[in-house]
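First chain written, first letter: the chains are A, B, C and D, and each begins at residue 1.
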Amino acid sequence: MQPLLEVKNLKVTYDSASGPVQAVRDVSLQLQRGEVLALVGESGSGKSALTKSVMRLLPPSAAVEGEVLLNGTDVLHMPERHLRELRGKAMSMIFQDPLEVLNPVLTVRRQIAEAVRLHDPQADTEQRVRELLRLVEIADVERCAASLPHQLSGGMRQRVVLAIALAAQPQLLIADEPTTSLDVTVQAQILDLLKSLQERLNMATLLISHDLSVVARLADRVAVMYAGKIVEIGTAEEIFYQPAHPYTWALLRSLPGFSADEEELYALPGIPPTLIDPPAGDAFAPRNEYALAIDYEQMPPFFRLSETHFAATWLQDARAPRITPPLQRRCGE
Amino acid sequence: MSEALLSIRDVHYTHRLSGGVSVPALRGVSLELQPGEIVGIVGESGCGKSTLARAVMGLLAPQKGEICYNGINVHHPQNMAEKRCLQQQRQMIFQNAALSLDPHFSVEEIICEPLRLAQLAPQQGSYREEAAYWLQQVGLDALFLSRRPQQLSGGQAQRVAIARALAARPRLLVADEPIAALDVSLQAQIVNLLRRLQREQGFGMLFIAHDLAMVRHLCHRVAVIYQGRLVEIAPTAELFRAPRHGYTKALLSAMPLPDPRQEKQRQPQYYEQPVSDGGVWHQASPQHYWLAEDGEVGE
Amino acid sequence: MNQRIFQLIKRLLIVIASILLLSVIVFTMSRLAPGDPLIAYYGEQAEKLSVEEREWAMERLGLNDPLPQQYGRWLKQAAQGELGLSYKYKQPVMQVISARMGNSVLLVGSSFVLLCVLSLLLGCICACYEDSLIDKLLRRSGIVFSCLPEFWFSLLLILLFSVLLPLFPSSGAHCIGRADSIADRLHHLVLPLAAVLISHAWYYAYLVRNKLCEEVRAEYVLLAKAKGLSRLRILLWHCLPNVLPGYISLMVLALPHILGGTYVVEAVFSYPGLGALIYESARYHDYNLLMVLSLFTGAVVIAANMLAQALNERIDPRTAGINTEVSYYD
Amino acid sequence: MTDPRFELVGAKPQAEAAPQKMRRHRPPYSTAVLLALIVLPCLLAEVVMTRDPAYMDLAHCLVAPCREFIFGTDSLGRDIFSMIWYGGRISLTVGFLATVIATALAMIIGSLSALAPRWLDALLMHITDILLSVPSLLLVLFLQAFFRQNSVFTLSIVLGITGWMGMSRVVRTEVLQLRGCEYMEAARLMGGSFFYLLRRHLAPNFIPSLMFMAVMQFRSAVMAEATLSFIGLGLPLEVVSWGSMLSLAQQALLTASWWVVVIPGAFLLVTLVCVTNIGNHLRKVHSHGERNL
């Protein structure tokens, strides 16, 4: 079956003040219809650049190489006019900070109506706006529609952004850290909403987060990114229960539910490398307590662990010493 | 019971906005902090927890109630000595560390500023050595001494801010969401750092956060604030084991777990009731108190 | 509804209070100005008056009274439409002004409207094609034209288009005896209008462009793009409404500058408007006329300011009750 | 047999490198050189001048630029080349003095307004607004009445007194913004006194924007001097400045003596453009971030 979204050898290079940054370094992935894939990584790992290049929202100064195929058509080299028809209709996106992405001077109604009218000029816009707001579980539809973004709470704003994204029933929803700026309780509500909508509308979803625990509820598959590359990809169960890459271990260990020590939290030492001049070998090696000598010299290839599970670490090589993952699950109390 | 380091008694604060609008932020919060204790304050954004931190630091004056540090009223110190004592012994770190560092200062100047202002002699010989010592304490190289805040990343800036706060050897540290703007892995670094330093220096700390995950590993007691009212306070382990107030339960159930099987079945609880000005305090165990609405039956 | 009326009344009161305060300032300045006040009433004869005659005249005109009393009297007369005599023209001030008003309104009005439209248009084009050739050209010329003194630019225009290439007349509002010909009036308007427009439009376009370029970096543009909107639509429907309140405030703040500039241009082109009048009145120490002209100009700007604030609140309801701060320097 | 390359070596912690320095704006060297080429000869006018700028050589009126008179002569027979440098000095002096006065006034009133209680702030800003609503040239005309005969000094005072309003608004907003900064708050908490805050935190952060404003003020003051002198309400014809030189321009138009019009104006324009460039550099305008459109 043809996947809904296929990214092949994507490379993104930004121009920054101190030189060109290789934000995404040769990433390939596939997303099936109705599937939820989570991209997890620290800030600066290139997950946002990856999703933005799928939507082609990167600034003109960013150089993008490789292929992004949506339903088999190349998005990256499509003329702007065709692209506009895809955006909103075939794929849409929600963002980290809903207050920032909503236009501060336009009412919620106008902003949603605009998206509706754009893809279906014949629709009864008023009716559809109300439907959409009900779809994202907003109780007082009329009041919300007449409000300006700054009059709403953070959770409400994110719902409005979601309503805009769903206006033309997209096949693919990209959610870029949709709950990072929200309170924990609101985060749970938004995740719930995303989950139920995803199931009801059978939307493929690309969920981005820096927090592994946030994606556990939604993700069918998880890809862990570090320094512009995917280091491990597999089903959610494989990633959470049989992680193979030391970076995934580190991410899991730093979560309170996993820490081996009741007292001390595990903290990954150091900071991510700048991608202006990425190191020759595994970019994670300098922070990796299980680094092998070869990690400093040669980039590890993907090792296949199962049909769906791949990890880019030399530890999976037959010649490498066996390491027991330093994980002790304590969650569930 | 020993003398409390910080006591907050029935503090009310209302924000007065332009156009005659007033927004109540704190509605009768009382709290005590013992020397060397870490109390976490948890609540959603806009619940008044930052207002509380600023009131403790004397940056805002509550309309009602009083806040005392070591018996000194924070808002009306009696004499110069008390004022000095407050300025030196009570330090604060902010959510956005980068904004709390003057862009024209070098890291060395930043760390030494409280010492110079309090006219404290550096304990490590010179000011420069003192600054280097504190940098090392927060896990940064002495190379950073001559850097400027623009050249620091978010986590580094927060460490410098912590170094500055601790250089004055405070007895009370108020941390206003110091980790909210950081990545998970950096959050853990900062929490570990604060914990280690607290053990070594023995200061008391008011740690404000909006999520419970990190609070659990740092705080001795946790206070939950909801809509400007303190609704539950308990030792950390107890609060996590047996929460009583509906909001605390919601907060706990909303904490995402890194376990897909459990997560996919979980039914989070929501709590959206308004909290009235009334209510009765119940004691669930010696140190565990929670606020029940009138009519709600406490066990 | 009630609140809206209350707001309106409050605004009107502020306008009136501002104009009154302005009149106090201007009145005080004109009275404190050295020079023989009697000249304003008796012309050159005043110098020939004897000491007793002077004393008598001062007494009679109330010039010995304390300033507040004089101001009160002036205000009372002003309310009845009597703003005193112009020393130079020996006519009531109002009469002198109204004779010239039409010409100035034509020049100032048309240049202001054109300026607003032109700068907005240019600004949008440049923001749309940021860093393109036209944008770079505008940025450079924006700086150069903002440094160009209006009077000198007018001189250059005259030199080029009246002296070297006699295409347009260099002075006046119309040819003698052809006051009714619209074509002739427009013909005379071309150079002064061009002088005002060119020396200001680039600069304001440059400011609009900068604001828009900042706006284009806002996150909401991403969502608008993700919806599938076209670039032009995003710029005009999303970015522009965010820029407009600042732009309107800016143009109002710029109004005195544009007025000042127009007055200078009028003087260079000997265009019979208020501008030429102002410089004449200053040269001949005709303070009564100068005072009324300043008061008049100021009142126009104050009223425009209030209007702009009301307009801004319609565009961006967040600014309601808040003074949109625009620094003239950005 | 184990491959040495697959030996466990562990993390090799690197010193936490600070993010690299921001790319600095290149200082506008060419502008600075050009400005120096104009300003230095003005300051050393006596050395550069070829003739007495005030000497009216009535035998050589309106001579076009030639070898003897590099920039020609005006209708009074004065040598324009010499007048440019001599007059430039006066124009720049007026601009400088006026800027100093206006900046001082703006600083005092703007920061007073920012730090004063609300009612005083409102009153001060209201008066500022009202004064701003009158074209500043009109205010200048009023004030000039106090000085019968204009001199360099009196004109500077007048331009200074009428130039502070726009600037004081900006000063007020800046000070308000800086006052609310978290680092100011932090320093206050540590016990920094008012004057300590002013000296150590407020001033260093405030000076760049103040410099920018002052430079822009200089620009408008020089322009105002030229405009006033041109109309005949500024410096008298005998006091040579770029503006008073241009006051002869209108007559020169009749004889198409372009050099009388173009040369002083060009000097004025180039100087102002250079000053603006430098001002913009001081403000370090950089569009932050990438455009999303």
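The rule is simple: contacts are C-beta pairs under 8 Å (C-beta built on N, C-alpha and C of every residue); 3 or more make two chains touch, one makes a residue touch a chain.
This one's a predicted model, so the numbers in the text were calculated from it and none came from an experiment.
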item: Most contacted chain pair (by C-beta pair count); value: C-D
item: Most distant chain from subunit A by Cα centroid; value: C
item: Geometric centre: closest chain by C-alpha means; value: D
item: Distance from subunit D to subunit C - Cα centre to Cα centre, in angstrom; value: 23
item: CA centroid of subunit A to CA centroid of subunit B, Å; value: 31
item: Whole-Å gap separating subunit B and subunit C, where each centre is the average of the chain's CA atoms; value: 55
item: Euclidean distance of C-alpha centroids - subunit A vs subunit D, Å; value: 50
item: Per-residue overlap in subunit B, given as positions that touch at least 2 other chains; value: 153
item: Subunit C: positions in contact with at least two other chains; value: 218-219, 222, 225, 231
item: Residues of subunit A engaged with two or more neighbouring chains; value: 57, 269, 271
item: Residue ranges of subunit D touching subunit C (in the complex, touch as defined); value: 126-127, 129-139, 141-146, 148, 166, 169-170, 173, 212-213, 216, 219, 223, 226-227, 230-233, 246, 249-250, 253-254, 256, 258, 261-262, 265, 268-269, 272-273, 275-277, 280, 287-293
item: Residue numbers on subunit A that touch subunit D, as the complex places them; value: 17-19, 57, 59-62, 269-271, 274, 276, 285-294, 296-297, 314, 317, 319-321, 323
item: Contact set on subunit D toward subunit B in their complex; value: 15-16, 18-22, 181-183, 185-187, 189-192, 196, 200-201, 204-205
item: Residues on subunit B engaged by subunit A in the complex (per definition of touch); value: 44-45, 153, 155, 183-185, 188-189, 191-192, 195, 210-214, 216-217, 240, 250-251, 253-264, 266, 268, 270-271
item: Contact set on subunit D toward subunit A in their complex; value: 2-14, 16-17, 19-23, 290-292
